[in-house]
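We just call them A, B, C and D in the order they show up, numbering each chain from 1.
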Amino acid sequence: MNSFTEYFRGIFSGIRSLLAGLSVTGKYFVKPGTTVTQQYPNNRKDLKMFDMFKGEVIMPHNEKNEHKCTGCGICEINCPNGSIEVISASIVSEEGKKQRIIDRHIYHLGMCTFCGLCVKTCPSQALAFGQEFEHAVFDRTKLTKVLNQPGSKIMKGVE
Amino acid sequence: MEEAVKAPVPEQEEYVINMGPQHPSTHGVLRLVVSLRGETVRNVEPHIGYIHRGIEKMCESITYPQIIHLTDRMDYLSAHINNEAVCLAVENALGIEVSDRVKVVRTILSELTRIQSHQLFWATFGMDLGGLTCFFYGLRDREMILDIFEETCGGRMIVSYNCPGGLMNDIHPNFQKRTKEFISYFRKTLPEYDRLLTGNVIFQERLKNIGVVNREQAIAWGLTGPVGRASGFSCDVRKHNPYSAYDRVTFKEILYDEGDSFHRYKVRMDEMWESMNIIEQLIDNIPAGSYAEKMKPVIKLPEGEYYQSVETARGELGVYIVSDGNKNPYRVKFRSPNFVHLAPLNLMSQGSKIADLVAINGSLDLIIPDIDR
Amino acid sequence: MEFSIYDFSSFTAWIDSSLRASMSPGWAVAIEMILIGIAILTFYAIVGLFLVYAERKVCALMQNRLGPNRVGPGGMFQTVADLVKLLFVELVPIKNADRALFNLAPFVVIIASFMAIGAIPFAKGLHAVDLNIGVFYLMAISSMGVIGVLLAGWASNNKYSLIGAMRSGAQIVSYELSVGLALVTMVVLAGTMQLSEIIEGQRWGWFIFKGHIPAVIAFVIYIISGTAETNRGPFDLAEAESELTAGYHTEYSGIKFAFFFLAEYINMFIVAAIAATIFFGGWMPLHVFGWDGFNAVMDFIPPIVWFLTKTFFIVFLMMWLKWTFPRLRIDQLLTLEWKYLLPINIFNLLLMAFLVLTGLHW
Amino acid sequence: MEKTQLAALAATLAPDAQVVQGKQFVEITLLPTELYTVAEKLKNHSDTALDMLVSITGMDYGSELGTVYHLRSTVHNHMIVLKTRVSDRENPEIDSLCGLWPAAEFHEREAFDLLGIRFRNHPDLRRLFLDSTWGYPLRKDYKDDINILAK
């Protein structure tokens, strides 16, 4: 007798648990506005990443085409996978002193793991993270970027 | 059924199938060579190494701050906690005491990491068992945590937010607000998970008494985390050897005695509640202070050996660093929980069905890159 | 000659008589058969594509997604695009496969579902064959598909396929019983196996109302075992994508895969159509005895609309089940059948017989 | 139990070994020949009760190879570290601890795979991650000709 009642209790509690599950999916089926899908290429205009988002390493330039990089190479030393190469040159500054500047600050996006050590350790805050995330290209060599813009100079007062 | 399994069968009658390296239920490049007799599993032999990157070898040639970004890529669902393990080991070795702010923020982020990991577990576990809808609900809610991470840390899964001595940057002003929003939302949504899956009679029948590991076995095999606690093995590093801010919060260590797949699942579900409790205790009073201690530009650990264990979402992660005084470690060993959990898979699944093997594999919640390292 | 959307019998009779007037009876029958074949084939394709689309949309809404939304308005033509793609996909030859059986299997599956459609009454007079053993015929035909599944699993030379096929065999052999007994319960109530008479018998109340509790139980059992018979979730053990990758059709590609895929949806339609016919009165509108105004309004809605509404409602139920529940294990599947559904079914049949004998039904 | 007491107890259980009270744990350095017996004693003694093997780390000390065992007692919540070294780099052999802790099976396979340390009495000693054509990458003299990370 005991097992008999257990048999039926099993059936009914089982059915109840199944109905509870159905109620959840049913609720979302009839409830409008719960869709969370973002339609990506269509919402490109109002898709804004967070300020902190690590999309790529950039070197901010001001409106006079000046950056803060002194070419010290600390970022290159700190990069764990060799995605930064600093090629420096030396010039004679206005005061007649020999000064080291960057010729090219090469950044291999394809090798970067976005650990943030270059940005963190840069003594003059010359590097930052950009929010661009659409990096797909057809040729891998295009992932190698030169961060300093052509003709740019070091900002005054940055040593 | 038991006797039939134990009876000696000539090898020709075994039906060997390869589950993986590309298989929907192995969650990565794990290959299981399964010997079957009918539907019954007789032997499971895991083959790993498909994603072995030699992280331990790589660590020997890079500096301590650079190790952090490699640990992200081991157990990518507990990335923040992995980072924390290395940072704590380095800080303890140098005798640096980080500020309270760092401790609290690390704890909150660790618990958020744990919740998102368990959410993904719930999602994929449901999918393993054939309930596809779970997958989308789990990911839908996980997205909120990933947004919090993205806003504060800059990365979604691979956060790289810790560094020896503190954090990479201060928390975002929205951090507290968003976290509280998430908690109040998730407190309402989590019971839905239970209604959809936990209470479901099919689900329970599929999991109860499947892949049973008792307490003695769990200790002998070194099973920690939710897998060990489902067997009644109290192994929570947060309780036994508290680190960061875990000594100043009250929380319950979830323990069950059954040790089957269902209770491994249940531990994770209950842990999400506990994690939310921990976060609520801390989120309103994050102490002021610096977000990072001043460190030397080149960190050199004094000669010696350092061991630090933390509780990741899957169990105890041990970091064993041997230093010879240089800026590079002499040897780094990661005691990864998934590697340990994979070993008794054969023991758990012998004599069960193929579908049970999938369920057991799912309930162990293996992350393959963490196994291979 | 007038056509009415309420009664197709005059329309079919007109085709028949005009054909017979211009040729010998043998030719007329042959032409009619071809016409019916073309009609069913068209219907098959349309319903198949629509159901695939509907399933995607339904599950998307349940999962807080949008579902297909790129091709055509609301993604209406997504399935058509998929079909075009499948037509161009390479048919991968399988090494050491049993070539003949491998190619035969999708046709067996599709022909089985094709034959079943012939016996389904879509509206009054819109009926390919009205067999006097219609229910029996449908049961017999709908279990033929499993032969195709078994062939596919065996001929693929793939271990996953074979396991899937064996599971499918065990499953259908068991659940065929429940489907049969649930329908027999209703046949006891109806007193006939001819589908047109069963529908006519529901003019004043559908059988699910007429039969009280036993009819409801029979309906629930029928839906459960019907879902199992079509290899759909939560009973999709034969393909169990998380265990067997794709089960019996792992090795199929291109249009051969499309055949399996379509057949699954058509089978679902057939199961739902049988349920609608036997439990919900098929194309018969909802009538309440004595409410003449209400009945007139109900009669105004064409029978084909009634039939399709009922069928798609049941299809929706089956989709709802699939997208909510986790999959069963093979031994639980058989336990459910032999320990629960079968005893309940037999008891239910007795109850129904008692009800009919004592005249307690309406 | 205090660490000093634990160290004293360990010294009595392993008389021939070198017991050091490390910064974090009690460390026992011992010969490979006595590893198994000492480990067995440490596991079964009620005051040490090291019932859980946390990890096995294969080490390359330059001229010697070795293994480091982190053992934990779930009863007393303490840890003891066992260390052993072998000087034979060509054919290093250490006793397997699989008989004491089944967890050792995978850890030892890992150490064998990456450092080439053979474990006697291991039930199934095969390469774990890499195939048999690879060298032993965690050895310090391992040369990686293909993937050079060093700058």
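The rule we apply is simple: a residue touches a chain if its C-beta (ideal position, glycine included) is under 8 Å from a C-beta of that chain, and two chains touch if they have at least 3 such contacts.
As the structure is a prediction and not an experimental result, all values here were calculated from the model.
Chemist: Quick check on the contact network: minimum steps from chain C to chain D?
Modeler: 2
Chemist: Taking mean CA positions as centres, which chain lies farthest from chain A?
Modeler: Of all the other chains, the one whose centre lies farthest from chain A is C.
Chemist: I want to compare two interfaces, B-D and A-C. Which one has more contacting C-beta pairs?
Modeler: Between the two chain pairs, B-D has more contacting C-beta pairs.
Chemist: Report the inter-chain centroid distance for chain A and chain B in whole angstrom, where each centroid is the mean of the CA atoms.
Modeler: Here the centre of chain B sits 24 Å away from the centre of chain A.
Chemist: How many Å are there between the centre of chain A and the centre of chain C, using C-alpha atoms for each centre?
Modeler: Whole-Å distance between the two chain centres: 51.
Chemist: Take the average of all CA coordinates in chain B, do the same for chain C, and state the distance between these two points in whole angstrom.
Modeler: Here chain B and chain C have centroids separated by 45 Å.
Chemist: Which chain B residues reach two or more other chains?
Modeler: 133, 140, 196-197, 200, 202
Chemist: Pull out every residue in chain D that's touching 2 or more other chains.
Modeler: 149
Chemist: Where in chain C do residues touch two or more other chains at once?
Modeler: In chain C, the residues touching two or more other chains are 62-65, 323-325.
Chemist: Which bits of chain A are touching chain B when the two form their complex?
Modeler: 13-14, 17-18, 20-21, 23-25, 36, 49-50, 52-54, 74, 78, 80, 113-117, 120-121, 129
Chemist: Please output the residues of chain B touching chain A within their complex, sorted ascending.
Modeler: 62-63, 65-66, 68-70, 73, 133, 140, 143, 147, 150-155, 158, 160, 163, 168-169, 172, 192, 195-197, 199-202, 204, 297
Chemist: Which residues of chain C touch chain B in the complex?
Modeler: Against chain B, chain C makes touches at 59, 62-65, 159-160, 163, 167, 233-234, 236-237, 240-245, 323-332.
Chemist: Inside the complex, what are the residues of chain D that reach chain B?
Modeler: Touching chain B: residues 22-25, 51-55, 57, 59-60, 68, 70, 74, 77, 79, 81, 101-103, 105-106, 110, 114, 128-130, 137-138, 142, 149-150 of chain D.
Chemist: Once bound in the complex, which stretches of chain B touch chain D?
Modeler: That would be residues 48-49, 52, 54, 56-58, 61, 219-222, 233-235, 240-241, 304-307, 309, 316, 318, 320, 322, 331, 333, 335, 339-340, 342-344, 372 of chain B.
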